[in-house]
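Chain IDs A, B, C, D and E follow the sequence of writing; residue 1 opens each chain.
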Amino acid sequence: MTPNLHLWLIPILPLIGAAINGFFGRRFSRQAVAAVALGFCGAAFAMALWIAAQFSSLALPHVEVLTSWLNSGNFSVDYSFALDQLSLVMLLIVTGVGFLIHVYSVGYMWEEGGYYRFFSYLNLFMFFMLTLILASNYLLMFVGWEGVGLASYLLIGFFFIRDSAAAAGKKAFIVNRIGDFGFLIALFLMIKHFGSLDFQKVFDAVKPYSPETAGVGFLTAIALLLLLGACGKSAQIPLYVWLPDAMEGPTPVSALIHAATMVTAGVYMISRSHVIFERAPSALMVVAIIGTLTAFFAATIGIAQTDIKKVLAYSTISQLGYMFMACGVAAFSAGIFHLMTHAFFKGLLFLAAGSVIHAVGGEQDMRRMGGLRKKIPWTFWTMTFATIAISGLPPFAGFFSKDEILWRAYQASWIYWLVGVITAFLTSFYMFRLLFMTFFGEYRGDAEGVYGHDEHDGHANHAGSDGHDSRAGAPAPHGHGHGHGGIHESPAIMLVPLVILAVLSLVGGWVGIPGSLGGGNHFDKFLGPVFRSSTPAVNPEHAQPGETAPPEQTTEGSEPKTGHSTEIIFTGISVGAGLLGLFLAWLLYIHSPELPDRIAGSMHGLYSAVAHKYWIDELYAWLFVKPLIAISGVVFWRGIDQGTIDAALNGSADGARDLSDEVRHMQSGNLRSYAGWIAVGAAAMIAYMVWMGLRTQ
Amino acid sequence: MVPLSYYLVLSGILFACGVVGFLIKRNIITIFMSIELMLNGVNLSFVAFAARWQQLSGQVFVFFVMVVAAAEAAVGLAIIIALFRTRETLNIDQVNLLKL
Amino acid sequence: MNWLDKNILTLITFAPAVGAVLLLFFPRRHRDIRVFALVISLLTFVLSLHLPAHFNRGLPGFQFDRDLPWISSPNIHYHMGIDGISMWLIVLTTFLAPLCVLISWKSIDDRVKEFFILLLILETSLIGVFVSLDLFLFYFFWEATLIPMALLIGIYGHGRKVYAAVKFFLYTMIASVFMLASILWLYAKTGSFDFVTLQNAIHSGSIPEFSGTVPLLLFLGFFIAFAVKVPLFPFHTWLPDAHVEAPTAGSVLLAGVLLKMGTYGMLRFNLGLFPEQSRVNASWIVVLALIGIVYGALVAMVQPNMKKLIAYSSISHLGFVVLGIFSFTQAGLNGAMFIMLAHGISTGGLFMLAGILYERRHTYEISDFGGLATPMPTYSTFFLFMVLASLGLPLLNGFVGEFLVLSGAFQAKMWWGVVAATGVIWSACYLLWMYQRVIFGKVKHAENNLLPDLLLRERIALWPTAIMALAMGVAPLLWLNTIDPAVHNVLAPFTQLASRMVGQ
Amino acid sequence: MAIFQTTQTLPQSIDYIRILPEIVLSIFGMIIMLLDPVMDERRSQRTLGLIALAGTIVALAATVYQAQVRFWGLGFFGMVKVDAFSVFFHFVVISVTLLVILSSYEYMEVQQIRAGEYYGLILFGAVGMALMSSAMELVLIFIALEISSISTYILAGFRRRSAISSESSVKYFLLGSFATAFFLYGVALMFGATGSTSIDRISTVLAEYSGTGHGPLLAYLGVALMFVGLGFKVAAAPFHVWTPDVYEGAPSPVVGFMSTAPKAAVFAVLLRIIFEIHAPGGPWLIWVAAALSMTIGNLAALVQNNVKRLLAYSSIAHAGYLLVAFASLPKNGIPAAMFYTASYAAMNVGAFAVIGHFAGAGERFVTLEDYTGLGKRSPVLAAILTIFLLSLIGIPITGGFFAKFYVFSAAMQGSHPLVGLVIIGVINSGVAAYYYLRVIVVMYMREPRDEEVPVTPISTGLGFALGLSLAATIFLGVYPNPVLKYAALSVGLLH
Amino acid sequence: MLHLILFSVFGAICVAGAVNLLLQSHPINSALSLVVVMGSLAVEFLLLGAEFVAAIQVIVYAGAVMVLFVFVIMLLNAGVEERTSGSRVAWLLGIPAVLAGMVIVCWALVTHSNAGSAAIGALPGHPADIAQLLFHQFLLPFEVTSILVLIAIMGAVVLAARSQTVERSKREG
C-alpha cells in the first residue's frame, strides 16, 4: 500500500498562484505579486523535493487516479497522475529550475508593466508543464502539451505592443499546432488499436509486439506521428522555425520555456513512449536523423547570428537535436541526462544573457556590446561557466551528457557521431564567439545614445505603467527606466539564481559520469527501470544489429562490444573538437577581430545563407503561408464562395425575377388578350378532357 | 326528322362565333353582343337536349338564361356607360390602364 | 409523475412566449421592458434546470413525456419529450437567452419592445424544436423560428441587412419545404406524425411502400432542410451574410442554437428514422463535412470582417458535428453533441465580444482595430479566453468535443479523422491571427485609445459563458453522462444493422 | 310525366328554414334599399352600415340555427340541401361579409362612396354566394353565381370617378360574362349527357354510365367547360388573367370581399361537382390547373410593386394550393379544401382591410414605396398586416400554415399520392415567401421616405374587423381542431 | 324533310348573321345582325317545339334587350371601330384555339352525343307545362331571380347615374 502523495497538488499549486495573480494581481503591489508567484511555485518545488525524499519507499510506477474526465462508450480518460523515475527527474528539473527563474524574474521584470500578468502566465506555464510531466495518460499529457504551448504563446507575446512579439507568439502556437496534429492522430491510432490512452494499458498492449523491422506498421505510424508532435514542441526540423522568433518574449521566459523545460517536452514524450519507439526501428532512425540534422543545421546558423538571444536560441535547437539523436539511438537515459544538464546551463545562459541585456539597457546586438567583463563580473563568470558547460569541456556538466550521447551515437552509426562532433566544434565556436564578443574587447555600444533613448522610453514606460492596473501591458519592452545611467550589474535577486545554476552547470553532470571515466553512471542506473522495463521481445531473426537499438543491457554502462579505451579515445576527440572551437573563436574575435568580416566577405554566398538562416522562413512563407492565404482568399472565398455559390444563388434569384417579368407580361392590360388566354386554356382543357374521355372508353 | 346533332353543331358554331367576336372586336358594346351570341348558342343546345331527353327543364333553363342575360345587359351597359364617362372611348384596346 | 414533471416542458417552451405576449401590453418604457425580458428569460432558464436535475439517465427513451391529442384529423399530437440529447440543447437555449437580453441592453434603443418580443418568441420556437416528438409539432416550431430571426436581422441589423434577412429566410424556408414533403409522405403511409411510432414503423418494416428509391428521397428531403440549416458546404453562403448583418443577440442565437437545429435534426431524424439510408449516404455527406471543416477554416482566415470570420469558423465547427454524426460511432456522436453545446457557448461568447466592439465603434472590420489590449485589458482577456475555447484548447469546452469527434471519425475511416484533424491547425491560424490583429500591437486608430473597457453589464453577460466554457472542458462528464446513453440509443439501430449484415 | 309527380304542392316551413340565412340577408338588403332614399346622406353611412352589420349577425345566427341536424336535408323540391358542408360555407361567406362590412365602414367615408347601394349589393351578393354552397341544382347554382358575380361587377366599379375602377369593372364584367357563357355551355352539355341539371340526378346517371363506356364524353366536355367558368371565378390558371387588373382597380374592401366570399362559394360548387358528381377526369384537370396557378401566381408576384396587385397574384397562387386539395382523395381533400377556404378568407379579408385603410382617399397609397417605414409610423397596423402576410406565407401559429400543411398532407394520402404536385406546391410556397417578405421588409427594414404618407388612426369598425380576422387567423393556426372536425363531417355527405 | 329544310335555311341565316356581326365594323350593324340571329334562332326553337321559349326569345331578347343595346349605342354615339393595333395573343393564339376547340366539340357532339333525331315539335313546351315547372320545382330559382333583377336595377342606377365630377385624370395612385 503506497501512500497517497496527492500528486495532483503539484500542478494545481502553481495554477492557484496563476489564478490569484490573474484575477486579483492588478490590485496587488509588486511585492505581493512576486510573493504569490514564488510562494506557489516554491510550494510545488518543495513538494517535489518531499516526494523525492520518500521516493525510494514507493512502489513504482506510482499512479494516482483523481477522478474521471471523459467517458464515451467504452473509452474513458481519467485525471490520473503517475510518478516514476523519469517523471521525478523531470519534476525536479522543472520545479527547481522553474523556481530559480521565477526568482530571477522578480528582479528582471521589476520595471515592466503587467507584472502580475507575467507571473500569472509563468505560474500557468508551471501548471501545464507539471501536468504534462505527471500525466499518466496521453490525453492528460496532451493537455499539458497544449497548455504549455498556450503559456508560451502568452509569454512570447507578453510585449504585445510590438507586432513582432505578437506575431512570434502566434507563429509558435500555430507551428506547435502542426505538431499537435500529429500527436492527435497518434492518439487516435492508439485508441483504435488499444482502446485506451493510459500509459500503462498502452504499453502493456504494445509489449507483445515485436519490432516492426519490415515495412511500416501502425506502431511505426504512431511513433512517427508522435515524433511530429515532438518536433513541433522541441523545435526540430522542419518545425523549428518558431523558436528563434520566440526570443521576442522576456528573457526569463526564454530561459524557462524555450530552453530549460517546455522545449524538452518532446524529448520527454519520446522517452516516455520508448516502448513504442523501440518497436518501430525505422521511426527511431528518423528520430536520430532529424536530431542529428537539426543539431548540425542549427549550429551553423548560430555561427553567424549577432543577436545574443538568437544565438542562444539556435544553440538550444542544436542541443535539442542532440537529445533527439540520443533518443534516436535508443539512448533515452542519455537524452534525459543531457536534457537535465542542458536545463542548467542553457537556463543559465539565458538568464545571464538577460542580465547582460539588462545591464546595457535593452541592447541585444552583440556587435554593440563588448568589454563588459569588468562591469558585470558576476554575470561574466556565471556565463563563462555555462559556456564551458555547453561546449562540452570537462568537468562541466555538458561534457558528460554530450559525451555519452556521442558515444552511444557512434555505437549506432559513425555518421551520427561524426556530425555530432562537428556540431560540438561549432557549438564551442559560436558560444565562445558570443562570450568574447560580449565580454571582451572594447565596448562598442553607443552608451549615451542608448541611455538617452532609454530614458526617454523609460518615461513613457512609467507614464503607462505607473497606473497600478498596468493597462499599458508592456510598454518599451527592454527599456529599463532606471534612474541611474551606465552599465551596471544586476541586483542580487537576479544574481543568486545565476550562481546556483552556475554551480549546477559544473556539478550537474557528475551524477552521470560514465564507467570509462571511472564513474558509475548513476543517472543511467536510476532511470534504468523505466527504460528497461519494456525490452522488446527480441526476435533474433528480425533484429538487425546496425539499426535496432541495442538491448537494454547497454544502458547499464558496461559495454560489451567496445572497451573503455575506445570510449576514452572518442571522449578525447569530442573534447578536442570543443577546444578547437574555443581556439578558433579566440583567434577570430580576440586575436584578430578584423578577420571575421574578411572571411564573411570572401564566402559571401555561404555567409549570407547562414546569416539569413538559409532563408527557411522565407521559404516557408513562399511555399505554404502565402499560397494558402492567396488560395483561400482568391479561389475559395472570392472564387467559390462568392463567385460560384453565391453567384449561382443570386443568378437564380435574378433568373426568377426575369421569368417573373415574362409572366407578368402575360398581363398586357388588353382584354382581348385575356380572352385569348382564356380561350387557349379552354381549348386545352377541352382537348385534354376529350382525350381523357376517349381513353377511358 | 333531323338529327339533333345538327342543332348541337349549329349551337357550337354560334358559340364559337361569339368567342371569336370577343377576340376580334374592338368596340366594347360589340364585344358584349358577342357574349349574347354565345348565350344564344347555349340556349339552342339546351332546347335541343331538352328534346333529346324529353325534359322540359331544359327549356326552363333557357328561360332563366334569358333573364340573366337581360339583367347582365342592364348592368353591363351601365358599366359601359360609366366607363365611357371616365375614358370617353369604347375601344377596348385603349382600356388598358391596368396591366402588368 | 407529478404535475411539474408532466408539464415542465410545456412551461419551459411557452414561458418566453407568454412573456412576449405580456410585453405587448407593456408601456414603452425601455428599462422596464428590458428588465422584464431579462426576468422572463432567467425564469425560463431556472425552469429548464429542472430537466438535468430530474433527468434519469438510467431510463431509455424519452422523459418528461407529454402526449396530448391536439388535432384529431390529421392525427397530430402535442407530443413533447426529451432525451439526453435534446435536454442539453434546451438548456443551452435558455442559458443563452438571458445573455442575449443583457448584451442587447443598450445596443437596441429603437423599437425596443418589438426586439424583446421577437427575441422571446424566437426562444420559444427554438425550445419547441428540441422538445417536439411529433413531426408536425417539430415542423411547426422549425418554421416558427424563421420569422423572428429574419426580423431580428432585417430590422435591427446593419449594412445589407435586408439582403441578409431575405437570403436567410428564403434559403432555409425553401430547403425546409422538402422536409415537409417527406413528413407528409410518412404521415400518409402511417397515419401518424409521432416520432416514436414512425421510428418503430420504419424499423419494423411495416410500411410496404418504404422501398426502392423512396427511403432515399425521404432521407434527402430531411437532409437538405438540415444541411442548409447547419450549414453544410455548399449550402452555407447564407450564414456569413446573416451573421455579419445580424444584431449581436441575433448572431448569438443564430450561431448558438439555430445552427444546432440542423445537426440536431440530422441526429434525431436522419439517423433516427433512416438508419440504412444514413449509412449508405454517409460517405458523401462526410466528404461535404470535411470540405466544410477545411474550407470554412481557410475562408475564415482571409476574412477582413470579424463577424464573418466567426461565421465561417462556425461552418468549420459544424462540419465537425456533421462528421461526428455520420461516423456512427459512440465517440463521434458524443463528440458531435458536445461540440454543439460547446460551440454554442464559445461562439456565442465570441459574437457577444464582437458585438461589444461594434457598440463602441460601429464596425466589425478587423483593420479598424488593433492594439485594443491597451485600452481594454479585461475585454482582451475575455476575448482570448473565448478564442482559446473556440480553437479547442484542452480543458476548455472546444477540445472535448473535437477530440471525441475526431477519434470517432478516425475509427470509422482513418482518412476522415486525418483530414478533419487538420482543422486544429486551421482554427489556430485564423483565430489567433484575428486576435493578433485586433488586440495586439499599437493602437492604430486614435479613436480606439479612448474605448472604455467592459462595463459591469457586459461582464455579467460574459462571465457565464467563460465559466461554462471552463466547466465543460474540465468536467465534461456532467454532460456526457446523460448524452452517452442517449447516443447509445440513437446508435442502437446501427449496431443492429451491422450485426444483421454480419449475420447474413 | 314525371315532373308532375310531386308529393308536395307548396313549400313547407322547414323549406324556409333551409334558406333562412338567405332570407334574412335579402330582407336586410331590402330594408337598406328602402331606407337609403329617405335618409340624409351623411347619417345614412353610419346607419345603413349598422343595419347591414345587424343583417349579417342575424344571418349568422340563422346559420347557427339552421345548423341543427334536424334541419339537415333537401329543401325546395331538391333545390337546396342543408348539411354540414353548406352550413360551413354559409358561415364562411357570411362571416366574410360581416368583416367586409365592418372594414368598409371607414372606407366609405374616406372614399366618399354612397353607402346605400353598397351595403345592399354586398348583402345581396352574399345571398348568391350562400345559395351557391347549398344549391343542388345547376339552375340554382347558375342564378346564384350570377347574383354574386353581378353584384361584384358593380362593386368593383364603385369608385365611379376613378378611371381604373371603372376599367376594372368593365374588364371583370366582360370576362366574367365570357366565362359564364362557358360555364353555361358546360351545363348544357352536362344536361345533354345526363338529361338532368340536378346534381343528385347527374351523379346517379353518371354512376350508371360508368359501366357502359359510351356517352359520358359529353360529360367530360361539360366538366371541362364548367371548369373554365368556375376556374375563372376562383382565379385558377389559365383563367386567372383578369385577377390582377380587377383587384388593382377595385376598392380594397371589395377586393377583400370578392377574393374570398365568392371564391369560397365557387369552391363549394367545385367541391360538389368534383366530389359529389365524381366529375369524370376532374382530378387530372385540376392537377394541371393547380400546378399552373401556383407557379404563375407566385412567379408573377415576385416583381410586383403594387400591393393590391401583388396580393392579386398571391390569390391566384392560393387558388392553386387550394386546388391541390381538389385533386386529392375526397376523404382528406374535402376537409382540407374547406379549411383552406376558411383560413384564406380570414387572412385575406384582414390584409385587404389594412390595405384599404392605408390607401387613403382615392386609394393613392398602394405601392410598396408607400409602405416604407410603416412599422415605425404605425406599429400596430404594420404588425397586423405582418401577421396576415405571414399567414399567407404559411408560417406557424397562423391559419395559413396549417391550411397549407393540411392541403399538402391530403394530397399525399391515398394509393397514388400526388407527390409531384406536392413538391411543386412546397417549392412554390418557399418561393412565394419572397414577395410577402418584400412587404414586410419595406415596412420594417427601410427608413420612412421623406414625404410622409399619412396614417390615420384605426376606426372602431376597422378595429373590430381586424381583430376578428386576426383572431380567426390565429385560432385556425393554433387550435384548428373544431373547424377541421366540422369540415370532416362533410366527407360522408358529399362522397 | 321540311324540318331539315327549315332547319338548314334558318340555320344558315343564323350563322350568316353571326358572321356578319363579326364582320361589321359599326356596332349598330352588328346589333342588327344579332337581331337576325336571334330571330332565326327563335324559329329553330319553334322547330323543336319550344314555343314558349321562342316567344320569349323574340319578345325579351330580340325585342327588349336589343333595344337596350341600340339605345346605348346611340346614347354613346359609338362610331365605326377604330383600327387600333390589336392583340397578338387573341389573333395568334386565341383564334386557332377557338377553331380547334370548336372542331373538337362539334366532332364530339356529332359522334358521341347519342342524341338521335327529332321531328318537328319534338318536345312541346307549352306555357302551362313550363309554368308548372317554374312555380313548383324551380320555384326557388325563380324567386331568387328577383334578387338578380333587383341587383341589376341597383347596379344600373348606381353606375349610370351621372356623377357630379368626372375625374379625367388617367390613373390614380
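Methods note: a contact is a pair of C-beta atoms (placed from the backbone, for glycine too) under 8 Å apart; a residue touches a chain by one contact, two chains touch by 3 or more.
As the structure is a computational prediction, the values presented were derived from the model and not from experiment.
Contact with both chain A and chain D is made by B, C, E. Comparing mean CA positions across the assembly, the chain most remote from chain D is A. Per-pair counts of C-beta contacts peak for the chains B-E.
Placing every chain at the mean of its C-alpha atoms, the farthest one from chain B is found to be A. Here the spacing of chain C and chain D, counted between their Cα centres, is 42 Å. For this pair, chain A with chain E, the centres built from the Cα atoms lie 100 Å apart. The distance from the centre of chain A to the centre of chain B, each centre being the mean of the chain's C-alpha atoms, comes to 96 Å.
With each centre defined as the average position of its C-alpha atoms, the distance from chain B to chain D rounds to 25 Å.
Within chain A, contacts with two or more other chains are made by residues 664, 667-673, 675-677, 679-680, 682, 684, 686, 690.
Counting partner chains per residue, chain D has residues 3, 139, 143, 146, 150, 153-154, 157, 160-164, 169-171, 174, 178, 192, 214, 217, 221, 244-245, 431 touching two or more of them. For chain C, residues touching at least two other chains: there are none.
The full set of touching chain pairs reads A-B, A-C, A-D, A-E, B-D, B-E, C-D, D-E. Those residues of chain D whose C-beta lies close enough to touch chain B in the complex are 3, 139, 142-143, 146, 150, 153-154, 157, 160-164, 166-171, 173-174, 177-178, 181, 184-185, 187-189, 191-192, 195-197, 244-246, 248-249.
Of all the residues in chain D, the ones that touch chain E in their complex are 3-4, 6, 9, 11, 19, 26, 30, 33, 76-80, 114, 117, 120-121, 124-125, 127-128, 131, 137, 139-140, 143-144, 146-147, 150-151, 153-154, 157-158, 160-164, 169, 192, 214-215, 217-218, 221, 359, 362-367.
Within the complex formed with chain B, the chain E residues making contact are 3-4, 7, 11, 14-15, 18-19, 21-22, 27, 30-31, 34, 37-38, 41, 44-45, 47-50, 52-53, 56-57, 60-61, 64-65, 68-69, 72-73, 75-76, 78, 81-82, 84-87, 90-91, 94-95, 98-99, 101-102, 105-106, 109-110, 113, 115-119, 122-123, 125, 129-130, 133-134, 137-138, 141, 145, 148-149, 151-153, 155-160, 162-163, 166-168, 170-171.
On the side of chain C, the complex with chain A involves touching residues 167, 171, 234, 236-237, 240, 295, 298-299, 301-303, 329-331, 334-335, 371, 373-375, 377, 388, 393-395, 399-400, 403-404, 406-407, 410-411, 414, 417-418, 421-422, 424-425, 428-429, 432-433, 435-436, 439-442, 475-477, 480-481, 484, 488. Those residues of chain E that touch chain A in the shared complex are 86-91, 93-94, 97-98, 100-101, 104-105, 108.
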